[in-house]
Structure formats: C-alpha cells, structure tokens
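What follows is a pair of complexes built around chain A, which joins chain B in one and chain C in the other.
Let's turn to the complex of A and B:
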C-alpha cells in the first residue's frame, strides 16, 4: 500500500506564543509536526507494517520544514517530498492546490493526514484536496479495520456516536488524535533518517505561477491575530459562609452583572 | 513549564553542544562520522522527549511504591517496566555503548545531554542504564573474547543488568580492606566467597539476569587494593548456547531501607554461601582496582550528573512556581495603599535564590559537558598527539571536581528550590521533597565528597609533579589571554583572574602546610579546596560561554537593526536575545557571588586554623 501523508509544521503550542502588531512572532519559536499529522504518520506506518508498501511524507513551507520531515522519517516513514515554499500567508485552498499538483502522476492508494492543523484549526485542506483530486473522503477517523489495498472500514467520530464507513481506495482520509499514540523516534531511526530520500520541489517545478501562490492563490486572508485576554486574578473572601456567600453574590451582581 | 512537571533547559543544552563545544566537529573523525549538527540536534530533542514523555511519569510512582524483596529476589515498581523496555527499544539506554556490541556509539557529550533528561526523569532508572553500560564496558576492555561474545550485547540490549561490587560491610571507602576471596578452580574459573554491600541495582526483575563486576582477593595475593582482582560473576550461569542455566550461588540477602532513590534497589549480595559461585577473571590478577577505576570514573561522572539533572529540574519547577504564586506587594510599594499583590518572582529575596540556582545549575552543566567533551576528544585523538596527553590530564583532574562539587551543589540547589516554594515545597504535592531525598545519596556513593577531595589533593594535584593541575591552570590562562579584554566582560574576567591566582597560591601553600602540620593539615581543608577549585573552573567555562553569547547578541541586534531605545523591549520579547543577555549576567553573577562564597570556605585554611585537629572531642 502506497500512502502519502501531508504534514504541517506548526509552532510548538507548549510554548508561550507571542503576538506583535497582529502577527505571530516567530523569533525564538520552535516548530513541531502538528499533532494530528503525527497521528496520521503513525496510522500510515501501522498500515504499511500490515500490508507492505511505503509511506511518503509531504511538507510545504520554508527550509525549516525539512526538520519536520526528517522527524517523520525518523519515526519510520520511507521518503519525503518538500515543496520549498516561501510565499508567506496562504490559506487552506492555496495549500490544497499545491498538494494536488504534487499528487499529479504519483502512485498512491491513500492520502492520510490530520483532521486539522494545530495552528489554524481550519480543518479544510484535506477536504479541498479530495475535491481537487476527485477522490472520496472520510474525516476524523478514530479507528480502521478490514485493511486491504483496495479498501477498508473506517470509524468516524461524531458528536453523538460513531459512523462506520466502508471506503474504496484511493481516497483521502483524515484522523482524530484518538486513533493511536504516535511512536517516538528511536535513535536508530534518527541515524537512518538522513539516509532516506527527500525530494525537494519548488512551486515552479510544479508548474505553478505567482497568481496561484500566497495571497493571490488564496480565497481568504488573515487580517490579524489577537491573543485572548489573560484571566484576572481571583478574589478570596475570608470568613464563614454566612458572610462570604452574600459577599460573593454581591460581587457577581455588581461586577459580572449576574441577574438574581 | 510547570511547577510540578519535568521541564528541561533545552535552550542551554543546545547552546553548550553547538555554540560552545561545537560537538559536531567530531564528525570529522571516523568514530563519530555520522554525528553532524542536524543529527545531534534531533538526537538530543528526541532523547529529551523520551525523558519527559516516557521516563518522568514513572518518577513519583516508583518512589511511592519502591522496590521490595519477594522470594529472595528484588521486585521493582511496575511503572519502571515500560520506560526500561522502551529505553532499550528506542536506543536511549545504550546511547554511548559500543556499536560493535549493539550500542549506539554516540559521543559522550550527546549521551550526557540525553542522560541529563533521563536522570531528571527518574534517577533510579538512569542508574540501571548507566551501571549496565559501565559493567559491559569493563567486559569489553578486560574480558576474554568468549566473555565479550556471551555478555556485552545482551547487556547493551537490557536483557542483562550490570552492577559494580566494591563495598563490603567492613570495607566501604577503604576498599582495600575487602574480605571477599577467589580461589582458582583450575578450569578457567574462580570460586568466589564473600559478601558485598551497598550494591546499586544489585538485583532486578527488569532484566533476565544480573552480571556483577566484583573485586575479590585471590588466595595468597597481597593485602590492600594492590591484591584485588576483578571478576565477572553472573547471578545465573549462561550456557554456551546463550540459554540461562543454573543458579550461580549469588544470594540477594536484603535491600536497604533508604531515605530516597527508591526506584534503585541497593542490595547486600552473598557470593558462594554454598561454595559453588563461579567467577571469571577480568584483566590481570591483582590489577582489579585499576580495571575497576574505568567504571568508577565513568560512574563518578554519572553520579555528578544526578546533581546537575535534579538541580536543574528543581530550579525549573521553582522558577515556574515563583512566576505563578502571587503573594505580598512589591517591596518598593509596600506603604502605598491599594497596591496590587505581585508574583513572588518580584521579591528580591526570591530573585536572589533563583539567580543562585540558575548560576549553580549552569555552572554544573558547564563543568560536566566540558568533561564529557574531553572524553570525546580522547576517543578521537591519536595517542601520540600532544593534545591527547593534555586532555587525559584534564579529564583526570576534572573528574573529582565534577563528582564532588556537582553533587553537593545539586543538593544545595534543590534545598533552595524548596525554600522558594515555602511550605508546599515541603509537601508531597510537589516533586521537590522527593528530589531532595533522591539526590542526597549522590554526595555519598561512588566515593563521598571527602574521598573526592582526598583524590584531588592527595593524588591528582601531585601526580606527574603537578602536571594535571598545571594543565588545568593552563586552560585558565589561555581563556584569560584570549578573552580578558572583552569590553562587556572585562570586569568579570578581572575578578576571575584574582580567583585563579588564589587557587594557585593555595595550591603552592600546601607544601608549607605539610611542613607546618603534616599531610593531615592539607587533608583538613581538602573539601573546601575542591569546592573552590570547582567553582573557579565552572566560572571559567561560564565566561567562555558568555563571550560567545555577547557576540551572538551583538550580531542579533545588528541583524534586526535594534535601536538603543528599543533594546530593553527587544531583550524582553526576543527569547534568543534574552537568553544571550542572561548568559552574560549569569557569568558575571557567578564570579561575583558564587565563587567568593566557595572561597570563604577556605578562610580556615588561609589563617592556618587547625582547631579540628587539635580539639579533644
């Protein structure tokens, strides 16, 4: 089974992300593979371990994206494609178009990726890619079974239950992080990663002109980022409850405008 | 960052490996040809991730449950099993072991970085990994081909556990008084009889078998350490086909009921109670102590790491807590009504404690990583290269400094961290009380601090007519010559130069002390001298780092075209700039406050006070 896993490199959300003049400050930020995409890599590795075949990673972005691809290779993926892309702001539509171009002429049975990216939380790219490629799609899977090279059964998480869906391949599938626990890279995996093939392409290699890239190739534009206000310090009322409860209610009515 | 979870200072670790030590330069040598910068960075990142995600979750539980004896064998806490298995499966447990025998062959400095995380995550588990590698390396250095083939790879895979057995009930620091005997059985093996105590990980259910490296005296051999030989003794015999055979008459008599480090069982082992314990000689007869020193020196660096790893983790927890905990108003506004309360990090006394911890942690890291880097040089350099001999001498003199100072300082840092947290730091709701218990033994085992000090003043300082000490002073001199005019660090270098001179004067004065009061006069102040010399060495390394940091900060300011008026905001908002600036402040603070504190311990030596020798207790 040949699986392509598009991955996105995002700022490490464990760190304090700073915003300045409406933009995320990238200085000093470390980048990681979006966690849902790590789940997709693990899922793809499990599938190829069962059926054979190879996992190819696809990353789009500046030079630093190659680090994320190397990490995926260290986890066990077989090869990687890096579209070296410095165009700045690009929306899901723009990225899906680039991915569709990369897929042209390639042999694959499945495109498996995270249900959304950790930075934008948009969750649109995979669905748009499926449309561009005219492929069936299933999103947000939490399990797969009956694995075969021409199809499988997928379990899709919904708000009130789980949909069980049979799908024919090739297809686009996105994963929920409860699908699996991504493996950690082993030392041997890291040492082998740099020997694995990484194909580097530019947008022009894909035959894409300026009008298809960056904001020109996007349908939406992020005007600015804002950080949520930090929570105010709580207030403690000292005394027994006959005193403190009325004090708290008074405060809720006067400051939080709670109707009683 | 959290006041309870494990946080590692990855930024400082990467700075040391890349910008200060340039570890990737080792890739020019065959031994480390695959370790380029990108690979080293990924190894350290992923190794530390293993530490935080897999190892650290076992820390508290393994302390609460501890190891126990069941049917004469040690049972380790259940939570240790998964991180132990994954450590070997992923390759982090045998990072530095020889690739020829299934290890990963990474440079010592890279291994140290990953082990800093693993040790902070669970020092007992880290001890399992480190002792097994050390024992495997003894077999590699001194074992026959048959022993190598039979044991090393299985030890590097974690199937077999490794130990070092020196102490006996009546022979602790005085190893030469050991009573364990060995008698030639005439079939290439020796019959071993005796009791060994304080054996870290002396038995475990994490591995299938335990392989003990044991010092014993062959019948008729001289008394003292010169008559000790080194033996490999498996708990269970290993057959020719690799299968486990009969029990080798090694009895686990008991495990100690300790203050901390409950995830590492400390055993009393009895060899040959039934007269059928077989041992295999490692190295030559009566050369056991010098063979064992290979493992002891590695273990001393490994034990020093406990000080750094746990000190650093405690500092990170305290720093996080100080940022979160709101208490009291700012001291400058204490009389202004309605002044809001502030996080305790705003209080000068708390800042003093945090600064002390930060300086000491970075000083420990500098000393240890520099030492590991020397180990790497020794691995790569030709023995005929003059740098080889210089590096070997530096390693020899730095080893007791690392062990003695880093363990004592780590304990001090954890103590200060508890002070920052106040009452809650004393509770089991936070990890610091456990760290305080766990770390305490580091200044005791693998040679107490005082033993390290005696090794320093009684042996290392005098060896080869003081050549080792001169080698260290030579490193200080070249640092001074190269950097003393650095405009941003001139004051710090001036201060440090005086401290280096004091070191030299104190060392030279030891001859007079011997004349005046005999060798016990020197021994009396050996430990304060070790602490002072170690802080001076750490200060020198921190200053070298500061020179690099100020240069990088200048580059960054130029690249970003930061105006003077915007500098404060730039240092606040750019994490890299803030890190570089803090390196300068930390180095200056270290020479101004931490080295003088250690120097003050020598006041008695300077005034030639021998009260401790004169008093009639």
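Let's turn to the complex of A and C:
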C-alpha cells in the first residue's frame, strides 16, 4: 500500500506565540509537525506495517520544513518530498493546488493527512485536494478497519454516535487526533533518517508560475493576526459554601448582569 | 565556531523531552508522596526506553549500548535533569563507564546484562571515614590462595537497595596508601554481604542510599576489576565523564525547569495590580538566572566537545561541576523566592526542586574539592583553563 502523507510545519503552540504589527514573530519560535499530521504519519505507518508498502511524506515551505520531514522519517516514514518554497501568504486553496501538482504521475493508494493544521485550524486543504484530484474523501476519522489495498472501513465520530463508512481507494482521508498516539522517534530511527531519500522540488519544477503561487494563487488573504487579550484575574470567594455561593451569585447578578 | 545543533541532535533532544514529559513526569508526584517507585512501573518505563534505544546511551555499541559520543549524550543528560533521579535511573539505566575496563569475561558476566537492563549496579566507594578523601577507605581485601576475602563498610550508596551488584574500592596493600587500593565487583547475594539501612536524605525521594557491610566476603580472582593497586586511579579516571553527565548536565536541565516554572508564575501572578514579572526586583532575578544557566550550559557542552576531541578534560569537568551545581543552587533559590509561599509549599514542585538541588554541590566531589583541583592545575601551569585556547 502506497500512502502519501502531506504534513505541515507549524509554530510550537506549547510556547508563547508573539504577534508584532499583525504578523506572527518567527524569530526564536520553534517549529513542529502539526499534531494531527503526526497522527496521520502514525496511522500510515500502522497501515503499511500491516499491508506492506511505503509512506511518503510531503511538505511545502522554506528550508526549515526539511526538519519536520526528517522527524517524520525518523518516526519510520520511508521517503519524503519537499517543495522548497518561501510561501509568503498562501491559503488552503494555494497549498491544495501545489499538492495536486505533486501528485501528478505518482503512484499512491491513499492520501492521509491531519483534519486541519494546528496554526490556521482551517481544515480545507485536504477537501480541496480531493476535489482537484477527483477522489473520494472522508474527513476526521477516529478509527479504521478491514484494511485492504483497494478499500477499508472508516469510523467518524459524530455528536450522537459513530458513522461507519466504507471507502474505495485511492482516496483522501483526514484524521482526528484520537485515531492513535504517535510514536516517538527512536534512536535508530533518528540515525536512519538522514540516509532516507528526500526529493526536493521547486514550484517551477512542478510547472507552476508566479500567478499560481502565494497571494496570487490564493483565494483568501489573512489581513493580520491579533493576540487574544489576556484574561483578567478571577475573584476568589473564601469560606463556607453556604456563604460563598450566595456571594458569587450576587456578584454575577450585580456586576455580570446575569439574569436569574 | 558553529554552535547550531544538527537535525539528529535536535531530534534526540526532542525524543528525550517527549519521553520524559509523557512517561516520567506523570509519575513524579507519586514517587515523592510514597518515597518509592512501583517496581512494575519501573519495569514498564525501562522497557519503553529500551525499545526506543534510549537505555544506556553512554555505552559503546560494541557493548550493546546506543554508542552516543559525549556531546550527544550530554545533550540527552541535560534533559534528564528535568525529572527526578530515580525515574532517570530506571528509565535510562545507570551504567558506569568503569565496567568498560573489565576483562571479556567480566564484560559478559556483569556489563552486558546491565546494558540490556537485566541487572542494576552501583558504585560503592564512600565510607564513613572516606568521603572527599577517597584514599582513606578502610575496607580491606586480603589475598587468599583462591581469590580475595573482603571486610569493611560503605555508606551513602545510591540505588544500593535496588542493585544486583556493586563496584567497590578496597585496600589491597595498606603500605602503599592510594597505590594500594583496588576495585572489585561484588554480587549482592554473595555470602557476607549485608545491605544495611536506607539512610534518609533531604531530597532525591525514591532513590535509596544504603549502608553496605562486607563480613568475610570470599570472591574469586575474576572479581578484581582492573589491575591490583590501580583501583583509585581507575575510579578517578572513569568517573569524570559520568560526573559531567549526571551532575553538570543534569544541573543545567534542572535549572532550566526551575526557570520555566519561575517565568510562568511571574507572568501570571498579580500583586499591586501588575504581574510579578513587571517588578524590577523580580526581573533581575529572572535575568540573572537566564544568564547563569546559559553560561553553565556552554561550559558543559564545550567540555563534552573537548572530551570527544580526546583532550584531557579532568580540570574542565571540575570547573563545569562547580559552575553548574552552584548555578543551580542560586537559580532554585530565586525560584523559591519568586513563588513566595507557594515556593515553600509542597503543593507545587519548586519546594522539591530546592531540596533535590542541594546535593549537587556535595556529591561527586564537593565544590571545595573541585576548586582545589582547578587551583592545582593553575599552579601547575594549565593556562588553558582561563586563556583562549590557541594551541588546541
């Protein structure tokens, strides 16, 4: 089974993200694989461990993206494609177009990726890619079963139950982070990663001109980023609950204008 | 001069960081509360670490270890400092370099099972009358026709309760003083070996520190490690790298965790209508700690790099030991001060870090002993300890 896993490198959300003049300050920020994409890598590895075949990672962006790809290779992916591209402003549509170009002429049974990127939370790229490639798609899966090279059963969690879907391959599938617990890169994996093949392509290698890239190739534009205002410290009511509960309710009514 | 980490080094640090935060940090509070690590959990974290190749990273591949060079190993060891001693011992192993000097038979019998995580050992040099003065030991090994007979007492033996065997020092020729000391490998279950009480400590909860008694312990000649009479030299030569890792690098890691908690708290805690990090007196503490952590880290990494170049780093390790351990003392003291009452209260881990940090200036050579080593090197003309190294 040949699986392509598009991954996105995002700022580490565990760190303090700084915003200056409407832009995220990249200086001093460490970048990681978007967590849902890491889940997709793990899912793809489990599928190939069961059925054989290879996992190919696809990353788009500047030189630093190669670090995310190496990390995925250290986890166990077999090879990687890096579209080396100082992306500037590119939206989901722009990325999906580039990915579709990369897929041209390649052999794959499944495109597996995160349900959204951790930085933008847009969740659009995979659906657009499926549309461009004219492939079936299932989003946000929490489980898979009955794995075969031509199809499988997928499980989506809804508000009132689980949706069980049969899908024929090739297809585009996106994953929820409850699908699995991604493995850590082992020492052996880390040492092996630099020996694994990484294909580097430029947009021009893909036959893409300036009009298809960046802002020109996008359908939306992010005007600016704003940092959420820090929350004011709450008020603590100390004492017996028979006293503190009425005190809290009174405050909610008098100051927060809560209707009771 | 390139200070950047390679892809592989970054991934190594990330893997160790993730392993610690996912597998070890959740166990810290229970270890602290109960004073022990559940043996089943100990086995579980060891197996997970073995699977990832994180166990016995300092051991060369020829002995079945991961075979990292000193610099890479030190990068991992800095991360170990973020968690507690006993969890590091059980998860990542504690294989001392001294056993690499064994005969092929000794390596097969004692080293390899330790690298595979099947057996645990500790070094037992310290005695009630011989701490910094390691040559003052009184444990005696008498040569017999069929080996050695050992009598004596050790104390403060870290991890002694859990260990299967010990590498000990004993006097084999009282006339020759420090040249009359040898090292032996002694199995815990040998007749005459008694593990005494666990000596309670200020910090390092979960790690035992025991007394050991040897009463007419009979061992064969194969238990002598290294040459007869060269034991003290062997011990001093092989403990340096371990000291750089387990004390210096871990001190930097622990200080980093303390600083992170201090910054997080100072940025959230509000008094007089502003967060603590807006007060200049707090800012000074945080800035001083950041500068000192960085300086110590650079010293530790430079020393590791020099060790990999084959340079004699004994005096440099002494410098790193004093610098890193005393830096940790200052950083954790500020940490408690910044957190105020919560720094002193057991509800947050700062109080534990404070207790766990004090030993760094004492074990593996006190600050005073290491300053003496540095000063002797300076008197002996070792100008590389303070001049720019043009000749290296």
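Quick note on the criterion: the second predicted complex is superposed on the first by the 236 of 260 C-alpha atoms of A that agree within 3 Å, B and C clash if a C-alpha of one lies under 4 Å from a C-alpha of the other, contacts with A are read in each partner's own complex, and residues count from 1 in each chain.
Convention: a residue touches a chain if its C-beta (ideal position, glycine included) is under 8 Å from a C-beta of that chain, and two chains touch if they have at least 3 such contacts.
Computed from a predicted structure; not experimentally measured.
Taken together through their common chain A, the two structures put chain B and chain C in a clash. More residues of chain A are touched by B (comparison of chain B with chain C). By the touch criterion stated above, A:27 is placed in contact with chain B alone, chain C being left untouched.
In the overlay built on the shared chain, the residue A:13 is in contact with neither chain B nor chain C. Shared-chain residue A:253: touches no atom of chain B or chain C.
Judged by the touch definition given at the top, the superposed model places A:191 against both chain B and chain C. Of the two partner chains, neither chain B nor chain C is touched by A:245.
In the superposed model, A:122 makes contact with neither chain B nor chain C. Where the contact sets of chain A with chain B and with chain C meet, they give residues 67, 70-71, 74, 184-188, 190-191, 193-194, 233.
Chain contact summary for the complex, chain A toward chain C: residues 67, 70-71, 74, 184-188, 190-191, 193-194, 233.
If you check the complex, the residues on chain B that touch chain A are 34, 36, 38-39, 42-43, 46-47, 49-50, 53-54, 86, 89-92, 95, 104, 106, 326, 341, 573-576.
Across the complex, chain A is touched by residues 7-8, 10-12, 14-15, 18-19, 22, 51-54, 57, 66, 270 of chain C.
Against chain B, in their complex, chain A makes its touches with residues 18, 20, 25, 27-29, 67, 70-71, 74, 184-188, 190-191, 193-194, 233.
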